[in-house]
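Listed below are the structures to be examined.
Two complexes come next, and they have one chain in common, subunit A, joined by subunit B in the first and subunit C in the second.
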Partner chain A sequence: MCEAPILVVGGGPAGASAAASLAEAGLPVLLIEQRDQLGGAIHRLPAPGNASHIWRPARHRRNWARLTARLQAAAGRIETHTQTVFLGVDGQDRFLLDDRSKGLVFTRRLRAAIIAVGAVETIRPFSGWELPGVMTAGGAQVLLKETGRPLEGPILIAGSGPLLPAIAAQLAKAGNPPVAVLERGRPWNAPGALARLALSWAPMSEAATYAATLARSRVPYRCGATVTQAEPDGDGLKVGIRIGEVQEFLHVRHLLIHDGIEPNRTGIPFPEPDADVPVLLAGDGREALGADAAILDGHRAAMQLLTRLGRANRAAASDERGLQRARDFQANLARALHSEPVVPAPETVICRCEGRIYADLATLAEDASAREIRLMGRFGLGACQGRFCGPMIAALRGQPLPVTTPPRWPLRPVSVAALARLTTDETE
Partner chain B sequence: MKPKRFGPSLYGTNRFGMASSSPLHVAVIGTGIVGASAAHFLAAAGARVTLLDASGPAAGATGASDGAVSVASKRPGPMMDLARHARAFYVRNEREGLFRGLFHRRSTFLIARTAIEADLVAQHGGDLAAAGERVVEIDRATLLKRIPGLGASVCAALEIPDDGHALGYEITERLLQRSRVSVRRNAPVSEIVMRAGRACGVAVRNEFLPADAVLVAAGIGSAPLLGLGEILLPRKGQMAVTDRATAGGPAIDGHLMAASYLAAKRGIVRDNSHIGLVIDPLMTGQFLIGGSREDHRGDHTTDAVTIAAILREALDLYPPLAGRRVLRSFAGVRTASRDGLPIVGLHPHRTGVVIATGFEGDGICLGPFMGASAARLLLGERPEADLSALSPQRFARVEAHV
Partner chain C sequence: MTSYFSWNGNPVAFQPGETIAAALLRAGIIDLGQPLNTPGGRVFCGIGACQGCVVAVADAAPVEACLTPARDGLRLGSLPAVGADHV
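Up next is the complex of A and B:
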């Protein structure tokens, strides 16, 4: 019988790093990636047939080239399935994998699993965020990387975090600079945090490049500025913005919003490093520390697993040091960009799948159970199963969402026909 | 021997020794569809209600079931008769406002895919007609007009036109809203406290909550409270929900119930891997597809092998489902009694305790009516239907002879 493989879910930097590290140690790896190519959100490659001229920092390009080379060198031990979506773990501990190219769901006997499914973007809801023309900045960045073309027409970018200047600079370099970047935070109010951030060479040099690009394209970057509402306006949007005490309106075609990232944990099995089939998390899906840290974290998870399987004992102190640096950087960034939460207007959409609004959320009892939030509130019942609205609801309720036990599968909608064609390698 | 009625004495000799001017105080254990209904009708009659749940409203089978308010699916005998009362109760309360907008009339189609199944469907149709139910024979061509796309194997069908649909958690929520009885969540009752042979309250963790009477409507949680571990058993059902086939309203014109479901309900098949197939078109345009019947399984996990088997059955009956996506799978735990009938009535020897549990897969259909009936028993009134077949006394008798 073949040796049971180690499943690695996610072909981004953390998953690729974990897969390469395990294969280099001589273990068979089953690497699955939901898109048609490896790379994850950060190293997303142009769709076939598209020549991409999207500028990205040299450091990221180097990192991905190295990971790709390592995967190729160990290709004999890595079985890669692209267009394959992790559906979760069922009640009999099967890891369910939806191969969308073949149209069937399959499971395998596994030795262990490393789950590296990255982060989800969060937003702070305002009236109109669900309208066509509004999309997340991360979604827009993926689109840009895949198509090689910027969105057309005037673009406004708003929210908080380092992704805002990054996507703004990429759009500028691609030929359509945004009309403005609105950062919710007021970093100048946190000079201590700002000073410590300045000591982090790699991200700060990246930030300097973005700043220079934005300055060249005359893109205003305003701090302490927020979007208060958006409404349809011809073939675009009329966007209400507030800068300090001043309320203004801007007419744009696209509004890109983003308020940071959180580990994608909705329905992901709990890490159990000591179970018979150990499960570990890696990368932004474990702790949102960014792309560089994800590579270290994938390696760290692989080493932890090898130790657990008695194959090695190389707890890499350098990984931990690098992760701690990233953790400090993120903490300082959060301090610098901190802003108080705002209670949305009652009619603000919270769950876009089911069209539920803030007033619906506010009527739920404070100690409502997971089932009440889902069934009576109808939050988290739609196609995203709470992956997108979950963090928003937790932030608005000021408490973590009660966990649904057992974790639900499928994590993503799956074709009835594909699931009916379930294939297992169980000998029953 | 008929169980002794304690009802009329409740007002006279409550624990405070007060006269009937003091309202009856009932502790209702369980905020599923039965407990919520009982609480509503008790409050409407002027009683004071302490409504408790180990978790929260609709946390058990009520919130994890299909929404069939169906006489068509019932076993012949008292269940079929009581289901007709219970469905009429829905119709009346939808008309009078309590359930307005939540109960929808729709047909159930009993569907056969083999000659043996056709015999079973015909026999079941005969039983329904004998109980007074309208039963319409429907040929394949007519059926295909009603439900386009039905599978090639479908060979015979009956339509039961007077059935309906309601979601258990919506009914529960409505009952709670209307009654204004507040729910104590996360309040697991550890004991029904007795004094001099009659109930005087319940214990929640280390807290004593006084009451004149107690209703146990806690589903499978009723077993440890009443010592019914040998009589009640969990029967897990796994289900899947699809995305929307239509933007609004049900995607097909009726509830599809395969003969395999009837076979399970009539006790012809008892097998944990048996699929009793139903395809329930929800008001949202989604489909709810079930389900398994797994005895002695009280967990809420779902497994891909069972869900895939349910979907294969469903695709054979209704191939257009191939174009849908499964959004989620879930499991509900039905509370079944050893003889297959619910347990509703006065506790055989604990005065002041009423039981309403063991509804198996029929709780959404029977729940509101049974909750109202339990309220009547607690108030010392006669229920609207003869519940003697469901009396807890039947197990007390068996126990006494053992």
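Up next is the complex of A and C:
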């Protein structure tokens, strides 16, 4: 009988690091990735037919080259399935995996699972954020990395965080500089946090490169500036912006929004490191600390698992120190860019899947339970299962929205025919 | 030779390895919904999370356009036209 593998869900930096570390320790690994290539959002590679590579920091290129080399060296113990999505854990505790390239849903007897599905972007809702033409900054960046080709027409970038100048500079280098970058925060009001951020060399030199590119391309970067509304306008969008007390309108084709990231936990099993089949989380999907930390966190999770399985007895102190540095950096960043939440206009869509607006949310009792918000308010009942409205509602109510238990599956669309043909290994 | 898939009955060209989402956006197709279906579908998060770009596939399950490589001859259309006459 073959040794049961450790399932690693997600082929980004955390998953790749965990898979390589486990395989190097001699354990068989089943690595699944939803895309056709490993890399995650951060290391998204150009599509095979695309020769135009966009500019990206050398540090990230080196990190991914190292991870790829480790995966290749341990390839004999890693069974990789691309275009394969994690559907969830069914009532019999089986991890359901959908290999879409084969139209095959399968499950395996597992020794353990490490789930490294990364982060989702958070956004602050405004009237019109749900319209076609509005995209997340991270989504646009993934698209740019793959195609090497910027979105066409005027682009406005708004929200908060270091991703805004990054994607703006990459778009500029690719030939379509955005009309402006609007940062909600006012970092100059938090000089202490800024001073501590300045001590982090790698992200700061990256930021300086982006700033220089934006200056060369004459892209305005405005702080304390927000989008207040968007509406359809010809084949584009009419976007209301507020800079200080001044309200203006811009006509653009694309509006890219982003207000940070948080772990993608919707429908993801709870971590159970001590269960018979241990389940651990790793990377941005456990704690959103960024790409460098995700590599450390994948290794940390692998070591924790190896210790639990009696295959190692060392927690890597260097991983913990690196993660703490990333945590401090993120905390300083959050302080530097902090801005108070704004109550959306009543007609603002909150749950896009079900078309529920802020006025609907406001009619629910202030202490409504997660169940009431879902079943009476119909928030988070739709196809995305609350991945986007969940964090919005939590921010507006000032308290986390409890996740549903047990997590509802399937997490993704799946063909009923493929589900009906579910294959299990014969050892079960 | 350029490859094509069909979107609501119209041919859309794509390059090898490109996702359905990338090809639709390059063709200027930003609104992925039916005319009366508001808000229309759209590419939003780019990582398969928001389900905003889920498109109907003739003879198969719907897929996220942002994750799925385009293939020659695929017949795609707006949701909720699953199994309807979008082919």
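Everything below uses one rule, namely that the second predicted complex is superposed on the first by the 425 of 428 C-alpha atoms of A that agree within 3 Å, B and C clash if a C-alpha of one lies under 4 Å from a C-alpha of the other, contacts with A are read in each partner's own complex, and residues count from 1 in each chain.
Following the convention adopted for this analysis, a contact is a pair of C-beta atoms (placed from the backbone, for glycine too) under 8 Å apart; a residue touches a chain by one contact, two chains touch by 3 or more.
Here the structure is a predicted model, which is why all the values come from computation and not from measurement.
Colleague: Sticking to the clash and touch definitions up top, decide whether subunit B and subunit C on subunit A clash or fit.
Modeller: fit
Colleague: With the two structures laid over each other on chain A, which partner does A:V349 touch: subunit B (first), subunit C (second), both, or neither?
Modeller: Second partner only, subunit C.
Colleague: Just to be sure I read the superposition right, which of the two partners does A:L131 touch: subunit B = first, subunit C = second, or both, or neither?
Modeller: The second partner, subunit C, only.
Colleague: Vertex at subunit A, arms to subunit B and subunit C: angle between C-alpha centres to the nearest 10°?
Modeller: 70
Colleague: In the overlaid three-chain picture, which partner chain does A:S415 touch, first (subunit B) or second (subunit C), both, or neither?
Modeller: both
Colleague: Between subunit B and subunit C, which makes contact with more of the residues in subunit A?
Modeller: Touching more residues of subunit A than the other partner does is C.
Colleague: Please work out whether A:V8 is in contact with subunit B alone, subunit C alone, both, or neither, and reply first, second, both or neither.
Modeller: neither
Colleague: According to the stated criteria, A:M392 is in contact with first (subunit B), second (subunit C), both, or neither; which is it?
Modeller: After superposing on A, A:M392 lies clear of both subunit B and subunit C.
Colleague: Give one of first, second, both or neither to describe whether A:N264 is in contact with subunit B, with subunit C, with both, or with none.
Modeller: In the superposed model, A:N264 contacts subunit C only, not subunit B.
Colleague: Looking at the overlay, what does A:R149 touch: subunit B (first), subunit C (second), both, or neither?
Modeller: Only subunit C is touched by A:R149; subunit B is not.
Colleague: Give one of first, second, both or neither to describe whether A:M303 is in contact with subunit B, with subunit C, with both, or with none.
Modeller: Neither partner.
Colleague: Applying the document's definition of touch, where does A:V279 land relative to subunit B and subunit C: first, second, both, or neither?
Modeller: neither
Colleague: Please give the least Cα distance, whole angstrom, that subunit B and subunit C reach in the superposed model.
Modeller: The answer for the closest subunit B-subunit C C-alpha pair is 5 Å.
Colleague: Would you tell me the residues on subunit A in contact with subunit B in one complex that are also in contact with subunit C in the other?
Modeller: Shared contact residues on subunit A: 382-383, 413-416.
Colleague: Okay, in this complex, where on subunit A does subunit B touch?
Modeller: Residues of subunit A touching subunit B: 90-92, 94, 96, 105, 107, 365, 367-369, 371-372, 375-376, 381-383, 385, 405-406, 408-410, 413-417, 419-422, 424.
Colleague: Residue numbers of subunit B touching subunit A in their complex, please.
Modeller: 55-59, 63, 169-170, 173, 185-186, 242-243, 299-305, 307-308, 311-312, 314-315, 321-331
Colleague: Can you list the subunit A residues touching subunit C in their complex?
Modeller: It comes out as residues 34-36, 41, 47-50, 83, 85, 100, 103, 118, 120-121, 130-136, 138-143, 146-147, 149, 151-152, 235, 254, 264, 266, 349, 352-353, 355, 382-384, 387-388, 412-416, 418.
Colleague: Under the stated contact criterion, what part of subunit C meets subunit A in this complex?
Modeller: Counting only subunit C, the residues touching subunit A are 15-19, 21-22, 25-26, 28, 30-33, 38-52, 54, 60-64, 66-69.
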